[in-house]
Amino acid sequence: MRFFSDNAAAVCPEAMAAISAANRLDTAYDGDALSARLSGAFSELFETEVEALWVATGTAANSLALAALCPSYGSIICHRDAHIQNDECGAPEFYTGGAKLLLGDGEGAKLSPETVDGLIGSIRKDVHQVQPAALSITNATEYGLVYTPDEVAALGELCRSRGLGFHMDGARFANAVARLGCSPADLTWRAGVDALSFGFVKNGGMSAEVLVFFGGEHRQASLYRRKRAGHLLSKGRFMAAQVLAMLEGDVWLRNARAANDSAARLASAAGDRLVLPVEANEVFLKVSPDEAEALRSQGFDFYDWGVGEARLVTSWDSDPAHVEALATAIEAL
Amino acid sequence: MRFFSDNAAAVCPEAMAAISAANRLDTAYDGDALSARLSGAFSELFETEVEALWVATGTAANSLALAALCPSYGSIICHRDAHIQNDECGAPEFYTGGAKLLLGDGEGAKLSPETVDGLIGSIRKDVHQVQPAALSITNATEYGLVYTPDEVAALGELCRSRGLGFHMDGARFANAVARLGCSPADLTWRAGVDALSFGFVKNGGMSAEVLVFFGGEHRQASLYRRKRAGHLLSKGRFMAAQVLAMLEGDVWLRNARAANDSAARLASAAGDRLVLPVEANEVFLKVSPDEAEALRSQGFDFYDWGVGEARLVTSWDSDPAHVEALATAIEAL
Amino acid sequence: MRFFSDNAAAVCPEAMAAISAANRLDTAYDGDALSARLSGAFSELFETEVEALWVATGTAANSLALAALCPSYGSIICHRDAHIQNDECGAPEFYTGGAKLLLGDGEGAKLSPETVDGLIGSIRKDVHQVQPAALSITNATEYGLVYTPDEVAALGELCRSRGLGFHMDGARFANAVARLGCSPADLTWRAGVDALSFGFVKNGGMSAEVLVFFGGEHRQASLYRRKRAGHLLSKGRFMAAQVLAMLEGDVWLRNARAANDSAARLASAAGDRLVLPVEANEVFLKVSPDEAEALRSQGFDFYDWGVGEARLVTSWDSDPAHVEALATAIEAL
Amino acid sequence: MRFFSDNAAAVCPEAMAAISAANRLDTAYDGDALSARLSGAFSELFETEVEALWVATGTAANSLALAALCPSYGSIICHRDAHIQNDECGAPEFYTGGAKLLLGDGEGAKLSPETVDGLIGSIRKDVHQVQPAALSITNATEYGLVYTPDEVAALGELCRSRGLGFHMDGARFANAVARLGCSPADLTWRAGVDALSFGFVKNGGMSAEVLVFFGGEHRQASLYRRKRAGHLLSKGRFMAAQVLAMLEGDVWLRNARAANDSAARLASAAGDRLVLPVEANEVFLKVSPDEAEALRSQGFDFYDWGVGEARLVTSWDSDPAHVEALATAIEAL
């Protein structure tokens, strides 16, 4: 009974069926009919004209976005616990040509405008220091919290006034939208976001994430950078296919809701054990080493999170029986 | 009737079935059971212990190999028509941190030891000039010729004596092996090759190529570079699955033979029109613009190759009827 | 009797005196009074508002200029014999983050508009190929020829129409201006040049070259890049001092004229032995190995240039007696 | 009366005389007789065979050292207040190709072995995280404290056991040696240091710092990197001359002692106002804004250091009368 990562989940039937259906001759790279529909499909979803590029990983999407928004001699403001800082082996530095990450604090991996403003203010405006050029937030965060449209907009307003580009790492964007019940537009470009890494793999996709640019000026350079990074797959139709299938009929939202619901069930079982509110598909709870061992001995698989805490991650395909069993087991601790 | 690129071919049934079968829970990234088998499977194929890493594109495989073999301040010797020079948007420069490509000539995109030696000799041994650090050849070449084991060994011997790393871009390695009937070992490490980009996508795979290191010293750094480049897919089992399925029962060889056979049929029809011998799955032939138009009007799709020439590429799934039709049409010109 | 390089010449008295005079307290980096005068002094010389940055080497000046004009995924068109290609150990690749150099031919290291246009035309307009972003020419060239204002303007017009940035490596800009008798403005911005590496070290300076931007948009980024490359010296006043001293009273022109005159004397002695016209301070002449040996045995120091040719370089401080002696010796061969 | 930076000091007479004396013909770059003596002179000073390279700035020396010790996918442990983190505009990231800086705390910009060990321990040993590859400390620190040979050796031992390269930023190395009265060898290679940026400019030089490698394996790559970064000056004899002149007769030590003595005088005047012990040539003291204003109104020039603190920096040429006057003024506050 797996609760250690949504990365390990299966591919949802809609995505798998679309991949099978794409197994026919078509033009190579992103010249195929499916890839050609990508920007249109996301433009519809976001209620504005966007540029959408498929890539194989969230790390690639994030890095291409950051390379578009930050020069080699600039810095990217992000949370100390951000995936781009801790889990991408320096990909932002590689793609930008050596930009710095400027780290802020905040509960649950969320940054406030005050924190961002303080970080900007900590940098002297001279050539000896690397100047902030972009802000990157993760929504839902690495700790399963969400930024509301208003919270994003406050940061977006700050970016605008300070001349920063604004990137959202949306590896779990679907979970955030599912939680908030807002429109994708309200959570992104209407709140000032310039580029979104829209995650599909954790949410039932196989191998495709989508980099969405709101505003067209970054498209051409990003196409070159994608190719140059080896991310222009030669049979791109399989990339587009899985994503389009998940947009159709809002499979992406349905999948995310399922994951969120499973997490909510675990949260209600956890009660006072919760380290943080559960707003998406991650549950952080206090458990002693003995308690963790007890859960594991019942067949539940999850990560310890430092000493005395555990991380439980649900996914679109979490088995309700497993969730219920884990909830019961937590209550019984 | 498509003859413009093997990149556009379908995925072979064995690969597709393996992908479907891999659609179950497993550990993320390359920690899954299938990925764990990769180095072993390739070690068996190459009759020596190798390190094998899946990546999504040949460009990524090539660039990771070159970054392992050439420092930022070095240069990579390759043919003027090499894919790494002309068709990867500067990926080698990106991954190496700014190495140079040092270009040589030779018919059909083949480099001779004399040419390579001449290029090395053209560089002064001082800090003002970028010093050669690696040689990269493509086998089968971009023009469908093959290097024999002896030819590779002659270059390998030169690399050894000059202290160069030796990379083989094997986007069509299967076609070369199929043509030569040699062992993969004889064509690579026994001939001095340090790193091979082993292509699967053009040969019936969906999205996985394999970077093979003969000798373990480059493995760890390459794992970091792969992650840092955003090429460590989170559901890596789908990558390993398709490759392993194509190794089993020598599907990779069977597919390549089919493609080569189709090209041979076209070559025999082309006769004096051939620009180069046909040794793999590419046919370059002289056709006037009117003749090219005549072929297209019969439904054959292919690239013009400069003025008065055309490139025909066959693939594992070239329809025999289409091949026969095209052969007949060429004969009838 | 030295004729092997103007790099080895002494520092002219005006520059040395200015350096001594600058040996007093002042603000660090480029905040001092002398550095503050730099852009003004060059604006006056060029009859337009320019931005001028001192750096310690021509390689640094060239690379900062190219990094301003060419993105990491672009290419720089230059001559096959250009200093940036052959004598900077890959500095352009380093500073741009991995751009390519696209090489053209032409006698005496000069590029014609036709050649540049042909190179542009050789690149497919797709993401697989690195797209040309800038043109770099050297004036006077590495072979001692000069581009006239009209020739520069023809290239400048091409750059404008094709959207390329235009850089001039002016390591021997002074020699070109001295030869042509034109205004610095006519040879640069009025002819479409965006950035000039204005050389002083070969011409009597100690350690300062000046990067001149015509148009202000590149200034701020270049200041960051200069610092980031370790080229913002902490006692910058010594850099500005030597350059300002050489601008005053046109010392730079006088020095260049002296070097050119010495070369002209050698050229007249060389007669039919000349490989190329002598338009600046370099003389390439045909001499057999025995003849070269004969000259060396008389105390003349110079570089062989391939087999059967020699390169003689004069400088601002070439001793007239040495020049006369060499001229006589050449005539006597 | 200047106390804001030793960067702004004059060039000492010995260095200036040597520069004048070097104003004669010699081979270009670092082929001249003076440059050829550099490694020998530093080998003598350090009582072991070292490789010494001149460069124009401390930023260049630091970055070349770090590029030698840390791969692009690694990280460099340093203090949060380190010059390489705060005052080099991302030069380490540029030269390494995008390495990370991993920041530690400690009073007065000093790192303890415990802190370094804790930072190493905070990084998971997997490919998702950037692995520590080098440690960089500054001696004397940015806050004017010194590491003793024993303290350096403790860090050196940690580096050895953890496989880290060890770099010392010695912009004020002379001040540290002068303070400690130890041998340069004891403070560096005998304590495990691999590379030292040996500062001369703040200590009376004009434009030359020296990168010293203890152990020869980094020399060749660093020569290429220096050229590639545009730091191989063409009249290198002026670089070597000033440094050699400061080594002769221990001018470097005498200059540093003078600066330290001036700081000590100020420290004794400051008494309880001292924020940190004064061990080199920097004095941090508590002064209210009114008090700072009072000092400035008497003609003393210095930096505020946050709110309520000031930084006073002395240099080799601090005028004793100015120092005495400032000491008196501080006492009178």
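Details
Which chain is which? They are A, B, C and D, in the order written, and residues in each are numbered from 1.
Simple rule for what comes next: a contact is a pair of C-beta atoms (placed from the backbone, for glycine too) under 8 Å apart; a residue touches a chain by one contact, two chains touch by 3 or more.
Keep in mind it's a predicted model, so treat the numbers as computed, not measured.
Set against the C-alpha centre of subunit B, every other chain centre is closer than that of D. More C-beta pairs in contact connect the chains of C-D than those of the other pair, out of A-C and C-D.
Taking the mean of the C-alpha atoms as each chain's centre, subunit B and subunit C sit 42 Å apart. Remark: subunit A and subunit C have CA centroids separated by 50 Å (rounded to whole angstrom).
Distance between subunit C and subunit D, defined via averaged C-alpha coordinates, is recorded as 34 Å. Chain contacts: subunit D has residues 72-73, 88-90, 94, 97, 127-128, 224, 227-228, 232 touching two or more partner chains. Interface of subunit B with subunit C (complex): residues 72-73, 75, 86-90, 93-94, 96-101, 127-130.
Residue ranges on subunit D touching subunit C, taken from their complex, read 2, 5, 7-11, 16, 19-20, 23-29, 55-63, 88-91, 94-95, 201-202, 206-207, 224, 227-235, 238-239. Of all the residues in subunit A, the ones that touch subunit C in their complex are 71-73, 97, 127-128, 131, 221, 223-228, 232.
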